Structures are given as C-alpha cells and as structure tokens.
Amino acid sequence: MTTVAVKPATMAQALTRAMRDAMAADPSVHVMGEDVGTLGGVFRVTDGLAKEFGEDRCTDTPLAEAGILGTAVGMAMYGLRPVVEMQFDAFAYPAFEQLVSHVAKMRNRTRGKMPLPLTIRVPYGGGIGGVEHHSDSSEAYYMATPGLHVVTPATVADAYGLLRAAIASDDPVVFLEPKRLYWSKDSWNPEEPTTVEPIGRAVVRRSGRSATLITYGPSVPVCMEAAEAARAEGWDLEVVDLRSLVPFDDETVCASVRRTGRAVVVHESGGFGGPGGEIAARVTERCFHHLEAPVLRVAGFDLPYPPPMLERHHLPGVDRILDAVGRLQWEAES
Amino acid sequence: MTVMEQRGAYRPTPPPAWQPRTDPAPLLPDAEPYRVLGTEAAAGADPELLRRLYAELVKGRRYNAQATALTKQGRLAVYPSSTGQEACEVAAALVLEERDWLFPSYRDTLAVVARGVDPVEALTLLRGDWHTGYDPHEHRVAPLSTPLATQLPHAVGLAHAARLKGDDVVALAMVGDGGTSEGDFHEAPNFAAVWQAPVVFLVQNNGFAISVPLAKQTAAPSLAHKAVGYGMPGRLVDGNDAAAVHEVLADAVRRARAGGGPTLVEAITYRVEAHTNADDATRYRGDAEVETWKQHDPIALLERELTARGLLDETGIESARQDAETMAAALRAQMNQDPALDPMDLFAHVYAEPTPQLIEQREQLRAELAAEAEPEGAQ
Amino acid sequence: MTTVAVKPATMAQALTRAMRDAMAADPSVHVMGEDVGTLGGVFRVTDGLAKEFGEDRCTDTPLAEAGILGTAVGMAMYGLRPVVEMQFDAFAYPAFEQLVSHVAKMRNRTRGKMPLPLTIRVPYGGGIGGVEHHSDSSEAYYMATPGLHVVTPATVADAYGLLRAAIASDDPVVFLEPKRLYWSKDSWNPEEPTTVEPIGRAVVRRSGRSATLITYGPSVPVCMEAAEAARAEGWDLEVVDLRSLVPFDDETVCASVRRTGRAVVVHESGGFGGPGGEIAARVTERCFHHLEAPVLRVAGFDLPYPPPMLERHHLPGVDRILDAVGRLQWEAES
Amino acid sequence: MTVMEQRGAYRPTPPPAWQPRTDPAPLLPDAEPYRVLGTEAAAGADPELLRRLYAELVKGRRYNAQATALTKQGRLAVYPSSTGQEACEVAAALVLEERDWLFPSYRDTLAVVARGVDPVEALTLLRGDWHTGYDPHEHRVAPLSTPLATQLPHAVGLAHAARLKGDDVVALAMVGDGGTSEGDFHEAPNFAAVWQAPVVFLVQNNGFAISVPLAKQTAAPSLAHKAVGYGMPGRLVDGNDAAAVHEVLADAVRRARAGGGPTLVEAITYRVEAHTNADDATRYRGDAEVETWKQHDPIALLERELTARGLLDETGIESARQDAETMAAALRAQMNQDPALDPMDLFAHVYAEPTPQLIEQREQLRAELAAEAEPEGAQ
C-alpha cells in the first residue's frame, strides 16, 4: 500500500498523477493510445507523460483500437504493464473481440501461466454535450465478461487510488472514467496523502437510515445531491458508491440495505440489461426478508444515447431519484 | 500413401495453384500525385466545371468559417472544419450523379452540403438537436459517420446491392488518413474488390489524425499503395487541386459504373484549422507547416488557373464571394434560431413499434414533463 | 401471418426452411456469411439455399465479420433484407462495433428514415463439446443494446416461426440459435402447419402451481426435464419460455409468477451481469407482494466457458435447478 | 486571409507534404513464388538443415495422421490437420532461435510441436481437458489462437516490447489465407511497420478457408502484395518447398533481428485433408485438385532432392519413418489415457485471486460434487 502526497487537482489531474507515479515507480508501465503522447489525450489525462518518460513509455499509436489493445496484450505477455486509453466509450467497441476473447481469458486459458496485467482506461458516460458515440455507458458489456475487473471512481481521491491499484493489478482492469467528473474537484483533500485503494470495496459516501441509494461513477454526485434534497421530504438516505462493479462488494451493499430496508439502484446506463438488474437481483437474493419494498432502479432510458440538447431528459436526476424513493412503499412503514 | 511410394521422377513443376489473380502493375499508383492546375493537363479541363468547382470552393470555405464561428457562439456543439480540404469535399460531391450515393466521414459536412443537403440539416448532428438531420434517401447521402471507417463497408454493401438489383448506381466513400488504420478500412475494400462492387474510396490524407502525424500512422509508401493489396487500382492525387481530384474521381466513378470495380484514391491535402474548435493544434504542429500549406491553397490554385485562362475576373471573384456571404448570412440566421425540440422524440424511432418497456418509459417522461410544466413543479 | 406446411425436421432444418420460404416469398431476402453458400454452413443450416437461389442470394463472403455485418448494413440501406450468419457466438465479436454503433442505432439516428431490416443469426451456447470460443452465451451483450430485438427459439416450430418473423421485421433482430438444439426434433408436429410467431411473446411451456421456471433457448428442455423430476418432490413447476429477450414479455412472465408466488430464472449464460439479473429484478419490481421468496437464478458460473471435458459442471442441469427450487423458502408456506 | 489576397504568381509547386514514405519497388514480391528444391538454389542449401527438415516433415505428417485417427477414436474433440502444409509448419518452428516467440494459428499444432512443446500438451485444447495445455513461456509459444488473426497484434506487441527492453527477440506469427481478410490482419502489420517491430508474418495460403476458395477471399495479385500497403517487403514462396520456406523466413528473421523491421511472407501451399475431421471437403472441391497437389508433396519434393544429391538413402528414409512411428506410438499411448480432470480448476485461474462471487460458486460446485460422490446422491 503506497502512500503518495498530492496537490489539489481535478479528477483528470489525479488520474494523470496516478499514471505518472506508477510510471516512475515501475519502468514496465507503458501508456498507449490515440493522441496520448504529444497532445496528452483529448481530455489531457496523459498530459506531460510523453515529455517526462519519452515516447516509448507514452506512445501515440495508429488509429486502430483492436490493434492498440491487441499489441498491448503482446506487450503484457512480455512482462510490460500497458495502460491503454480508449479515446471514448464507443470507440472501444472495435477492440471488443480482443477484450472478450483474449484479455479476459488469457490467464484462465493458460492455467495462470500467462496473466495479463493490463489497464484499459475508458472515458464513459454522458452529460458533457457530446455528439453521438461520445456518451455511451458501456459497463454492462464489461460486467458480463468474466475475467475482467471493472472499476470506476467517483471522487478525485478514488481516481488516483483506484487507478494506481488497477495498474498494479496482475489482472486486466477496465477502468471507467466518468467524463463529466473529469473537471470535478470537490472531494479532493490536498492535505491528506492519497493511498492506493484496494479494488473490490464499496464505500458508504453518506450514512442514512431511510433507504440506500446504490450507485457508482457519474451518478454518485447526483445521488449525494438527491440525498440532500431528500431531507426536505423527511428521508435520510444512505449513499453507497460501488467503486468496483467486478468484483462486487456484496458485504457493504447488503449491510446497508439490511440496515435501511429499502434500496434504489441509480445509474446512467440503460436500465434494461444494465448493471442495475444484476445489483437489484443480488441484493434481493441476499436481503429479501429485510426489504420493505422491491429494490427499484433509476437508470437511463432504453435507447441510443440522446443528442446533446435532449440528454438532460435521459440522465437520472435528483427528481427521478426522489420519485423512486417515494415509491418505496412507505405506507407499509406506518 | 507413404512417402516412399510418392518418390519418382524429379519434378520441378510449379505448385499447381499459383497464378497471380491480378496483374499488379496497373494497380500501382504513380510516383507523384496527379495534378492538373498549372500543368498542361489544365488545358483539357472543362471551363464550366472549373467555374462550378470554384464557386463551390469559395462557398465551402465560407461555410467552414461560419460553422466555426457558430461554435464560438454556442450554436454548435462542435465543428470539425475542412478548411484547406475544400477541393476534395466539393469534387467528391460534384462527381456523382443524382442516383449515386455519398458516404461521408464526420469531417465531410461540406461534401454533404455540396451534394444538395440543406446546410442546416447537415449541421443537426453538430448542433445537437438530433443525430442525422437529413433524410439519407432524399439526396442519397448516408449519415455523417463518427466511428471512423465504419461507413466504408456500408458503401460497399450498398453498391453491391444496387448492382444485384441491376441499378446503375455508384457509391463514393470518404475516409481520413487516420481512418485507414482501422480494421474496417481493410475489410471494406477487400469485399469491394472480391464483389467488384461499384464503389470509390476517397482517402483524404490531411496529414493528421487529431494530433498524430502520418508518420506515426503508417509506413506505407503512400496510402494509395494499399490498393494493391486488395487488387484494385490506387491513385494518388493532389488533394488541393480541385480539377485533378475531380478528374481522378470521375475516372474512378466511370470505371465503377462500367463494371470495372472499385478504386482507391488518396488525395494529399492538409487540415489548415485545428481538429475541431475544441482542439489546440499548437500542441502538435508549428505555424511554419501551416503556412507552407496555405501557399498551396485549393481556392488560390483554381483562381489562378481561371484568371490566367481568362475564365474569371474580379467581378466573377466578387460575385462568388457575394454568393458565399449570402449563404453564410442565411445559415447564421437559421442557426440563430433555437431548434424545435420534443423530448418525446427520444422514444419515437428506437424501433418501428416501441417496445412495452419503451412505452412505459415514454409515459414516465411525459408525466415528468407535465409535472415540470406545472408552476409549483418548476425548478 | 403466413401459413406454411412443413415436413418433420430438426431445428436446423426448420431454420433452413424458414430462410427458404422467406427467400421464395421476397426477392429482397439475401443470406450471407462464411461458408453459407457452397458448404451450406458449418451447421448446414443454409444447406441448399445457394443452389436454389444462386450465389448472389446466398453468398460466401470473405472471412471478416465486421465486413459481413457492415456490408449487410449497406445492403439493407438499399432496400435488401440481409440475413447474416455469424459462424459461432464468439466470432460475432469482431462485428460488435458495427452492431452497436450502426445496426442498433440507424433507425433512431435518422428519425426513422433509414430502418435496417437485418437478421443476424448467431449459433450460441455450449453443451456440444466445442473448444474455446465455440460455446459463448453472448445474449447479455445484445440485451444491453437498445435498438436490437433479441430472439431465441427453443422448439423446432418456434425456430421456423420466429425466424420468419425476424426476417420480416423492419428492425434488426439478433436471432440466437441454441447450437445444442440444432438436432432436436421433439416438439415438432409435422402435421400442423407452422405459422410465423410474433416477436415479443413468451409462452408457458408447462403449467404448474408451485413455482415458475423462467428460461429460454437451450435451457428450456432442461427446465422441462427439471419440472418432470420435480413431481417426485411434490412440486408442480410452471415453465415459461421467453422466446424473445427484447422486447420482454412482462405480462406473461408476471402473470405466471403472481400465480405461483415463486420463481427461478434459468440460463446457461454466466450469472453475474447476465440476463437473469434483469429478469429477476423486473419480476421483483412488478410482483413483490406476490413473492414468497426472492427470485433465484440458476446460471452458468462466472468464468470463461469451460473446455469440453468440464462443461457439464458449468451448465445448469436438473439437479441445480431443483436445488434452487428447494431454496424457495417453502417453510413460509406451511 | 481572403481568397483574393492569396492570388499572386502562378505556382505549380508540388504540395508541401508529398514524399513517398518508402520506396515501393523493393517491397513488391517477385512474380513467381521462390523455390529452392529442384532448382540451382538447392546447391547452396545446408545439407544438415535439409536432413533436419526432412526428419521433421516425416514426423509431422505422421503426427497429423495420428491426431486425425485419435478424433475417430473419440480421444480428441476435433483436429484441423496440416497434412500437405508440413513444410511451412516445420520451417516456421526451425527458423527461430530459442529466445524467439512463435504465434500459431489454430491449425498450427505441428509448428508448436516442432518448436519443442510436448506433443500431448499441444493437443490439450483439441482433446478438451483444458484450453492451452502448455506454458507459453516455457518454449515461447503463444496459445494456439482460434479467433482468426487475433494473435497477430499480440506478436507485434511482444516483439515491440522485447525491442523496447533491448532484448534480441523476434516474433513469428502464422495466419491462414482466410485470416488475411480480418481487420486484425490489417492492424497488426500496420503497427509493426510503424514501430519497425521485429516480427515476421507467415501467411499459409492453402487455398481454402473451410469451404471458401481464395478467389472468394481476395482479388489481390497475391497475399504477399498486401505488404506494400504497410510499407514492408512482401515475399512469395512455394510453401511446399521446405528449403525455400526456411530460407525466406530465415532472411526475414535476420532482417527483423537486425532492426530492419517486419516482413510479410506468403507461402503457397494446399490443405490436403478436409478442414477438420468434422468437415466434408467433397462438398466444395474435387478429387482432381487434391491429386494435383499431392503431386507437389512437400515430403516427396525434399526426399527427391536429398536422394538425388546422395544425402538420403533407403536406410535414412526408413529410419525417419521409424522415428515417426515411435513418436506416433508414444502419442497414441499417452492420448489413450484419460486426462486427469479436476472440476475445481474451473475457478482456479479466472483471476489471480478469485472474487467473492467465484468463491461462492466454487463452494457450490464442491458441495454438489461431494453430494454426487455419496452413494445415494449418485445419478
């Protein structure tokens, strides 16, 4: 568990710092992707790395995502630790075969002889006014692929800690970066040294007794806001930030739901076949007799991500979350 | 069966299957990009065509400038300008017959407009009120394709389908130098050549894929050389020479129409502006390079040819400029109006018939909007 | 609704017949894929079509799945109705970008101006002793992609009826063919004319009062067997065959669960992030107060599909289903 | 800024950026496949190498036959035979140094075995007790890759990584003619050429991708011509001439090792058996074609050369045959034993540490197996 002192920064800068520290600590860490070198990435998350570590350590690749991930697999086979950037969520799809058929399976296929310590950074989600193909929530695809870890930070500190852990992991990690939090600063405490966060642990962001909001990534701040707003309605909401979708922290989540007796899963991804189904189902399996109401879901609609001018209608917002909380059969209580 | 039984007379015969499937020699591009303007070839060019190209180039440049200005005013979410590449954009559109199809890449709004699509509808994607703003069937223009190179197999399939139906239709597909690295770039021309589909691939090599220069993209002698590996001719053309681009594309279209199969054209050009309004090009290239290219400007090249040949004078130049200003003013006016938005549209086109799940969700949103509309519900 | 007389046949033959009838009825139907022409497909499902309709109607393509699906998109744009065969589940992954970014979105993107009447046939699932990459259950990926219909037959009659409906649909349909049922004949009644089945309707395959098994595709016969075996334990199980995962037939499923008060979702696909989570969650949301126990899931384990010699340990079998039924809190009843 | 201001002297200068990145001429393959056996070039071949190739070819043929026999006995789930392609399989393995890496495609069990991997471990995938049966690091052989062409970028990445680390390592990657149509085939050599990675691509053009003949796969003059589009040399070789394949690959390996970058080699050969034991080749090709190719058998070709030059006699042939029989008998014996199976292995290697979810599932299976093992629980 490394301890590193950091300066105040946005989530984007914390991510940069995590890569920088990882590269400084371990010469086998290589960053690669489209525009990650000279430009520093379209979100500037790899800014300065090529300058500091040279183009061989932070490499502008040809424009071909399957090739990027596929060559990263070969580099990992030879003992490097590639950190791959997919420029946007939807542009990771060309690499899907490499991801599912090789990245996720290589360790298992070779009985552990050929692990792939690979981090795949994917800026994901909407809310930034992006045109089509720039705002997908693709986490359901990754969750349904055994062999991958799936991690997503919601705070600046976690961005650092979880990315360090992802890079240090001996298994492939799909590291989902909520685009609309890239410039968020709120939860970062510059005075406190930031530690590497173990992967697989959810965290209670806000304690409450009325009901649990289970969420992750871009929806965490929305849920925090909803929890504040809920006070006016007399609800004291707990907010659980999953941080890791795979492995899933049943313990933390179920402990919360057993305490509160009610839960709403909140995410931006489409509802049908999205992460919320899995989460609701497993919470229900484990906490059935503690539940006063079915676990509800607040999610994006089941449609292709909307154009910028309509995205606000799609994204789960405070009202929609409070609506769902209101449907948690409070009558049963009284 | 056993090896020994097979022994016998010494046989230096060639392996049975070997025969080159195509003669490679005619497939190879010329060593130098083909040029018309300022060369003897210019004499053969049709004056009417040159004048038309000129008018469109001037309008195209103005359109690019106007669209970029609209991003600054918040009227467009983003705009990838094709300033400096107008010769390719315009020639691609003008070379096609009405019944043909154009498959643009995300930077090719100009080609879409030059093909006849309403200038505002062409910007819907980039304004953000919807995705594709025009009816692709109306002008036979596929949606502007953001996932790079993915539109190329569509063009092949469409051209193939038209041929199967006996229709005399050619598809022209556009892609950037960066896009040539994608797997879809490979699969599309391969299918096209095997099927001898009437399709023309136009690669605009503008030197960069966002910040990545061509040298980091490929080690090929030229992108046109990739054609050989598919068994189709590769053609190299000066992409800032509108007459040359038009001629090379016209040849390829003619060949495709006549059943001669696909052609791959590399047009060498330059992206004069940043990748988009959101990009900072100074991070990856110097002014000097941009300046050099500005000396090889497509409009200036054509203007010189036209004036040198007495086909254009100050009045003509001024009138082209005026037309462009008129277009720009109209565009500005239209884009300064807020587009009509109906959130219910979100559910209207996911399927021919909305699923029960979507109907539920639609009604949820309708209720939310109704609640929002009530005074006390307003936030 | 077409009515066609058919001869006794395996599921594979019923599928062939469906394509044949569709091709005969509509000259815009084109079959394409790897080895579908001369060979008739590696499972012989397209056997005879090239001979009968010519190679332009049933075409051996180059070996490139993105190219196959991508050119099919272009053909559909021009008014054809391509029926694409992906040779095996895992070999559909190279076409993932085309599927997600174009096939699923084209109608929506163009405000309905450019619908894509495309059928994508994917032989899926295990139980046939296939080596790696030949037995994936990839339905979770398709379910999580709005814009696609996802359909899977479990009987010979449905194979015909649903494939006809898929080909006739004006929207893209991912048509999942359970490989291990290709040679099944049981539920086919040669005397009865086979009709086109509307997409989106689940069917009760077996009525019962104790609990509902919710399942689809390759697991339907397993559930039927389990239901028979359950009689010995005193359970009278209802079996619902979903047939269509998208759209989802909440009505039929929930009506059954409300009747029985208990449910188990059964599928071969990995459990975590698999279809069962969605199904369990939505049933619970809708039937909470009718449930005597949480909806349980019997699924494949969360691992890369096992090698042939170990696959029987992975696949949900009768015992595992009965085990789950046994955990449906029957004490509560008495 | 405005167009008019840019007018001036007529400038027919070439566009600034144009310069071919590579001289295309040396990249082009020869018109005829390179051959050694039965030509003058044979005189220069190393007798020891030829004898070693011969022994491996004979063993390889026998291995193929034995493995196919094992499928009939239910001892293998499936076997894609490389009968007729042994020259490529063997040369690919023999041309590499110990420190080099081999990236085989699914049909290349023979290359894997010739590289030194245990013949039974090489068959694990096809027997079905596990996926990859060998430790890839032990002999530097990547897993046999079933998803076609996907192993090619791995080879490029590995070679690139070795070069970055300053290690003198070459990667040789194998793929079939059908596999060249995949997007990954395109992306891998492009990366290799841009990075000048020390990798050699060997395309075995055996005429078919399952049932699909080359003519439906590509219209390229040859598959070797695809090299030009990546800026690497393409080489065409008679794939049934073991000496020629070895020489061409050795040249390419040497070039890669010396920092000269990647090479693409097309070996023209023929798949004499059906695609796999489960395939019926009579559906798509006639006996006559197969017979023609049998006349150009790699073992017979080499045997003739060796006997003609007095490097091999009946005794040598017989002894090679005997060695092959010994290998086959050992393989048979080992494969006739049931492999040790532990269902718990299913959970052992999904991650370095099993997730809580997998631990739960593992315990579930453990309990089920325990129950099964009890007499009353047995089914």
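Letters are used for the chains, namely A, B, C and D, taken in the order the chains are written, and counting of residues starts over at 1 for each.
Keep in mind that, in the parts below, contacts are C-beta pairs under 8 Å (C-beta built on N, C-alpha and C of every residue); 3 or more make two chains touch, one makes a residue touch a chain.
As the structure is a computational prediction, the values presented were derived from the model and not from experiment.
Among the pairs A-B and B-C, the greater number of C-beta contacts is found at B-C. Greatest centre-to-centre distance from chain A is found for D, with centres as Cα means. Averaged C-alpha coordinates give centres for chain C and chain D that are 35 Å from one another.
Averaged C-alpha coordinates put the centre of chain A at 31 Å from the centre of chain C.
Remark: chain B and chain C have CA centroids separated by 39 Å (rounded to whole angstrom). In chain A, the positions touching at least two other chains are 61-62, 64, 66-67, 90, 93-94, 97, 101, 105, 108-109, 132-133, 146-147, 246, 248, 272, 302-304. In chain D, the residues that touch at least two other chains are 130-131, 147, 181-184, 186-187, 190, 194, 216-218, 345, 350, 355, 357.
Of all residues in chain B, only 77-78, 125-131, 146-148, 178-179, 181-184, 209-212, 216-218, 283-284, 339, 341, 343, 345-347, 350, 355, 357-358, 361, 365, 368-369, 379 touch chain A in the complex they form. Residues of chain B touching chain C in their complex: 130-132, 135-137, 142-143, 147, 150, 152-162, 164-165, 171, 183-184, 186-188, 190-191, 194, 345, 348-352, 355-357.
Within the complex, the chain C residues that touch chain B are 30, 56, 61-62, 64, 66-67, 69-80, 82, 94, 97-98, 101-102, 105-115, 146-147, 149, 169-171, 200, 246-248, 250-251. On the side of chain C, the complex with chain D involves touching residues 34-35, 37-40, 42, 60-67, 90-91, 93-94, 129-134, 271-272, 301-304, 306-310, 313-314, 319-320, 323.
The touching residues of chain D, when paired with chain B in their complex, are 2-4, 6-8, 10-18, 20-24, 27-28, 31-33, 35, 37-39, 58, 61, 181-187, 190, 193-194, 196, 207, 214-222, 225-232, 238-240, 261, 268-270, 289, 292-297, 299-301, 303-304, 307-308, 317, 321.
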